[in-house]
Amino acid sequence: MDQLFVHIDQAIIHWAQAVLPDWMAVIVAMKIPIVAIAIFGPVTMMYLTLIERKLLARIQNRFGPNRVGKFGLLQPLADGVKMLTKEDIVPEKADKIAHLLAPILIVIPALLVFAVLPFGRNMIAVDLNIGVLFFLAMSGTTTLFIFTAAWASHNKFSLLGGMRSVAQMISYEIPFVLSVVPVLVVVGSFSTVAIVEAQPGLHWFVFTPWGAVGFFIFFICAVAEVNRTPFDLPEAESELVAGFHTEYSGMKFALFYMAEFMNVFTVSALVATVFLGGWQGPILPSWVWFLLKTYTLILIMMWFRGTFPRLRADQLMGFAWKFLLELTFVNIIVAAIWYEMRSPLNHLTAAAILIVTIIVLFQFNKTEIPKKRIYKYAYAD
Amino acid sequence: MMEHTLISKPDFDTQTLEVSLGPQHPSTHGVFRMNVVLDGETIVKLKPVMGYLHRNHEKLAENMSYLGSMPYTDRLDYICSMTNNFAYALAVEKLAGIEVPERAQYIRIIMAELTRLVNHTLLIGFLLNDLGAFFTPVLYAFREREKILDLFEEVAGSRMMCNYFRFGGVKADLTPDFLPRVKELIQNYPRFLDEFEALLSENEILMARTQKVGVLPKELAVSASITGPMLRASGVPYDIRKVDHYSLYDRFKFRVPIGEHGDVYDRYYIRVLEMRESIKILDQAVKEIPSGDVISKVGAGFAKAPRNFKPKAGEAYGRIEAPKGELGFFVVSDGTNKPYRYHVRAPSFINLTILEDMCLGHKVPDAIIILGSIDIVLGEVDR
Amino acid sequence: MIPLHHILFFSSTLFCIGLFGALSRRHVVGILISVEIMLNAANVNLVAFSRWTGLIPVNAQVFAIFIITLAAAAAAVALAIVLTIYRNRKTIYTNEIDLLKW
Amino acid sequence: MEVLTAISKVGIYVIFGVTLLGAMMAVTLRNIFHAALSLALTLIGVAAVFFVLRAEFLGAVQILLYVGGIMILVIFTVMLTTRIGDRTIPTSNHQQWPVLIGALLLLLYFVRMIGKTPWSIKSELAVVSAVQIGKSLVSTFIFPFELTAVILVAILIGTVILAKSDEGEEKS
Amino acid sequence: MFGIGVLKGMAVTFKNFVESYYKKERLTTIEYPEKRLAEKERFRNFPFLIFDEKPEDPRCVACDICAKECPPQCITIVRAQDAQGKPLKKPATFDIDYSICMNCGVCEEVCPFDAIFMDHEFELAEYGRFEDLNYTIDRLLKPKEHFMKIRPTDATRIEAELKKKENAKKAAAEKAAAAAKAKAEAAKTQASQVPDTKPETKPNEPAQPADPPAEAK
């Protein structure tokens, strides 16, 4: 069961070698993972939208889409058709080329990043030896394309949304990148497969002290990187109407939507790979473990969306620069110390240092942490 | 130095940005526009623009019999139609000197307090919606509001446009299973409130977003004749139920919560505490409600034939503690069956006048939640 | 694989395009863009040599990394200067910024 | 199998072509916003060239730093300095043609010089991994590494002061 | 920054999520077209006219009180006339413009003849905006039984009152008839002093079938 997809892959390659000329067979062999990702990406995106709507509905005690298809299962298809048939309005004074280019440019990195994720034991599209760095580089480029979308649609609201989103993405990119460094220091290589192999059985990194803190920071920054509540400032409906994608409709809006949800999947997949031991797990086949962990993280992100109000721009920045960044630096040092020392002593020292830093950071941010209030009553009879 | 002839004239010279939020905007509670001048993200100038929902309510009332404009008062503050009827009925009864039997007074108080629960629950839901919580609090609020609206429909015939009050009492008596259902509601509501508070009150993001935002100082509140929860959140203990003792409010024991900072968080939390007090009033009212007829003989006659209800010439101003503030009706009669002058003192309109003073220096998202915390309904603002 | 001199042709053309841009652009940011292109051309050269001829291939790549970081730093300062020029003189066209003091 | 190598060779030349096209657009387009975008295209093209030359670490760093960092700076400056609805004016000043000729001459000289010099090509092509770069950065190149760190901090402070002080001055 | 309050909030939403699967009072959505909510008795939607036996003679006597009292003035009545042009106690046309009516129930209260009541029917979508929603008399008329079906308590109360008025009218009619007969006999006895014939048929004399003179009301 574990190597199911790998056997399918081999079978296709054997069939291709038997039938096609050899160079064609090699091309087919290369193309299988690409086709798999090209199907897997959009399909996950479609069904993630459905899962999100169903989950949020249940949190709010209502049913969620159940009219189209048996339990609303065909709803994503209906949305897709609607998006395709909707008229595509381009504002008259907008920058036509950039307006068209932005959604395409945003989807490319979202798809490219799938190549680096280890879906299961030797089920990875391209085993780059700079896997994680490639992922971070790709997610870095989305900032630029979001801003082109905002600037090209030539409207005040999207401009404000664009500026906010760039500021947020940059200030969360640094803790995002640096919180992975401890894992790289301990594993010694960028490649995602190596990282997963370094967490055999149940020795996931999340159970080490620096791993827990790293997981917390990495997950928070991942939520911010993907612009989801409580950091969904750029497309804050209540203030900026729809942030940078106000002026998009029809298929272009669908592309933004697709990119957002694919990012949600890939980012939680990376968090699962780096901190929760990718496809490592006791009994179940490897790819089941991988999907299980990724989907729990996605459900947590959706749970956030159902519960939290939005952070204001300056609080959001303050949280990144004045809390997360310092914690990441200390985390790197603690990981190094943990790596050097042996036996249980390292866990204790690492945990001690981390707790001290968290307390100290809380003291520094005292002014911002709100206090509970008690209220008195008049006319108390 | 010699001024160069510049090729391109910059229009970004003062770095300020003129943005108009509304009238077609997802979070302005109806058709209300704010012309905001922004420097970066902080608000430099804010001009509210109203009047999109003006329906000429007061001129209409002058060409209609007194009872004819009672259904129109439901449309003033379309969330609490019962309290609008209550205030109008009080004003006309003061004008014409009509007595109201005890049972009718109790029914009126029960309806008023139920409307207060509906209004405050809805407001907290929409305030959280402006803060960005994606519809979860609103839908919890709607789930509870449904129970109360079912009670209204059972008694008055319509969920939101009740048209239930008549001069001298109420249109019809309570249905047999109205009181048991109110008792059951009184049991469950505190449990819902505790769950609502657990979700919201200690939520750090909410506290961070709303504390010290949109502070309304006590003096400004009093001088701008602000009334209702906004005034009490700024620390002024003024509640018309306790000041005027209208209807039978002095028979019930209840307290009035007071805030000190007067910011958005206080206004939110005062409304939660007020809901708990309303439940106490409902509890006592449901226990002590006497039997008897629900409308005085005189009132029933006029309800049957409103055209020959000719109060003697004179004027009267009846006011109540509506969920949004002091809702008053000023009625002037010249002896005919049509009022000579009819004016509504709308609380949200007057509370809206100081929106700019509270928003200066804040960011755009803060202006949205300050507007949300004032609790305006455009039907009442524009009349 | 392709021979070394093809890559060198590519990087030199890239360099010349950057040079042309740097010298003929009227918009200050345009000039900065061209300078970035010239730096990239140099990087390509370095990497090509490290791959084909370099004695210690690592040095060239480390050198390329230093160039990238310092290019980033230079770009940051340059753009800050451009902003201040714009704020004081309301223009970012090179032929209008010809006074040493304002 | 030679079909595959032919395809990959064509692929490399396509990357070269796209990068050069991007560079030319970046240099000649009138609308500065489009020029910035084509610069992004050039940078990504150069990163692709690094990948082709088996320098993945450098390619990833290039994308991370250049496209993720410097491009944002360029776009921000472009946004802050142009007016919405600003009509584009001729981009190049009068020295356009002489510079073009000079650049072409220089290019010709480069090409001739590259063609003539006998490159001492090693037998097997070197591949450098991220670990090697990391180690050498901290061992042989420790001094430049620290120096760059100092320079970066200085620049950080400098830029903030440059941009910030005017902000304050303008206000008073 | 992230403290306990945030976790408590998430616990609440999780509880809601889980309970909405098995707790009845959590999940209150009713899937409208298939399942419907029980209608409240006093629910008032648009008004309708009521007729006792035949749709030709509705209870409404075209007294125009409801048209005058209606706040948005959406009722227009034209009184019927017989051949010679004498106005009759029946409306020729009685139309309510449903697009203007705000179902406030004032017409039901002020109608002295209990002829107009508020209906429970709310699925009234039409295609045209102007004429379609202007309900004429034939679309407004509904039998007494419909009123009894939708509003039992009010219907019984009103039927009782009508019955009482009916009996009072009949009794008054009989009294008047008896008085007239007594007067006639007195006149006859005075004139002929003939022994008065026992009108044994009087007690079980059937009520005149003709409709009682209206002015007795």
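Points to keep in mind about this one:
Per-chain numbering from 1; labels A, B, C, D and E assigned in written order.
Just so it is clear, contacts are C-beta pairs under 8 Å (C-beta built on N, C-alpha and C of every residue); 3 or more make two chains touch, one makes a residue touch a chain.
Worth saying up front: this structure is predicted, and the values here are computed from it rather than measured.
Ranking all chains by how far their C-alpha centres lie from the centre of chain D, first place goes to E.
The central chain here, found by comparing per-chain C-alpha centres with the mean of all protein C-alpha atoms, is A.
More C-beta pairs touch across the C-D interface than across any other pair of chains.
If you average the Cα atoms of chain B and of chain C, the two centres end up 64 Å apart. In this assembly, the C-alpha centroid of chain C lies 89 Å from the C-alpha centroid of chain E. Centre-to-centre, using mean CA coordinates, chain B is 36 Å away from chain E. Residues of chain A in contact with two or more other chains: 59-62, 306-308, 368-369. Shared contact sites, meaning residues of chain B that touch two or more other chains, fall at 7-8, 10, 136, 140, 143, 199, 202-205, 207-208. Those residues of chain E in touch with two or more other chains are numbered 1, 3, 6, 9, 12-13, 16, 28. For chain E in complex with chain A, the residues that touch the partner chain are 1, 3, 6, 9-10, 12-14, 16-17, 20-21, 26-29, 31. Across the interface of their complex, chain C is touched by residues 9, 12-13, 16, 19-20, 23-24, 26-28, 32, 35-36, 39, 42-43, 46, 49-50, 53-55, 57-58, 61-62, 65-66, 69-70, 73-74, 76-78, 80-81, 89-93, 95-96, 99-100, 102-104, 106-107, 110-111, 114-115, 119-122, 125-128, 132-133, 136-137, 140-141, 144, 148, 151-152, 155-156, 158-159, 162-163, 166, 170 of chain D. Taken together, the chain B residues at the contact with chain A in this complex read 17, 19, 21, 25-27, 41, 128-136, 139-140, 143, 199, 202-209, 211, 232, 237, 239, 242, 253, 255-259, 261, 265-266, 269-270, 273, 363-366, 368. Those residues of chain E whose C-beta lies close enough to touch chain B in the complex are 1-6, 8-9, 11-13, 15-16, 25, 28, 40-44, 65, 68-69, 71, 102-106, 109-110, 112, 118.
Remark: chain A residues 56, 59-62, 156-157, 160, 229-230, 232, 236-241, 305-315, 368-373, 375-381 touch chain B in the complex.
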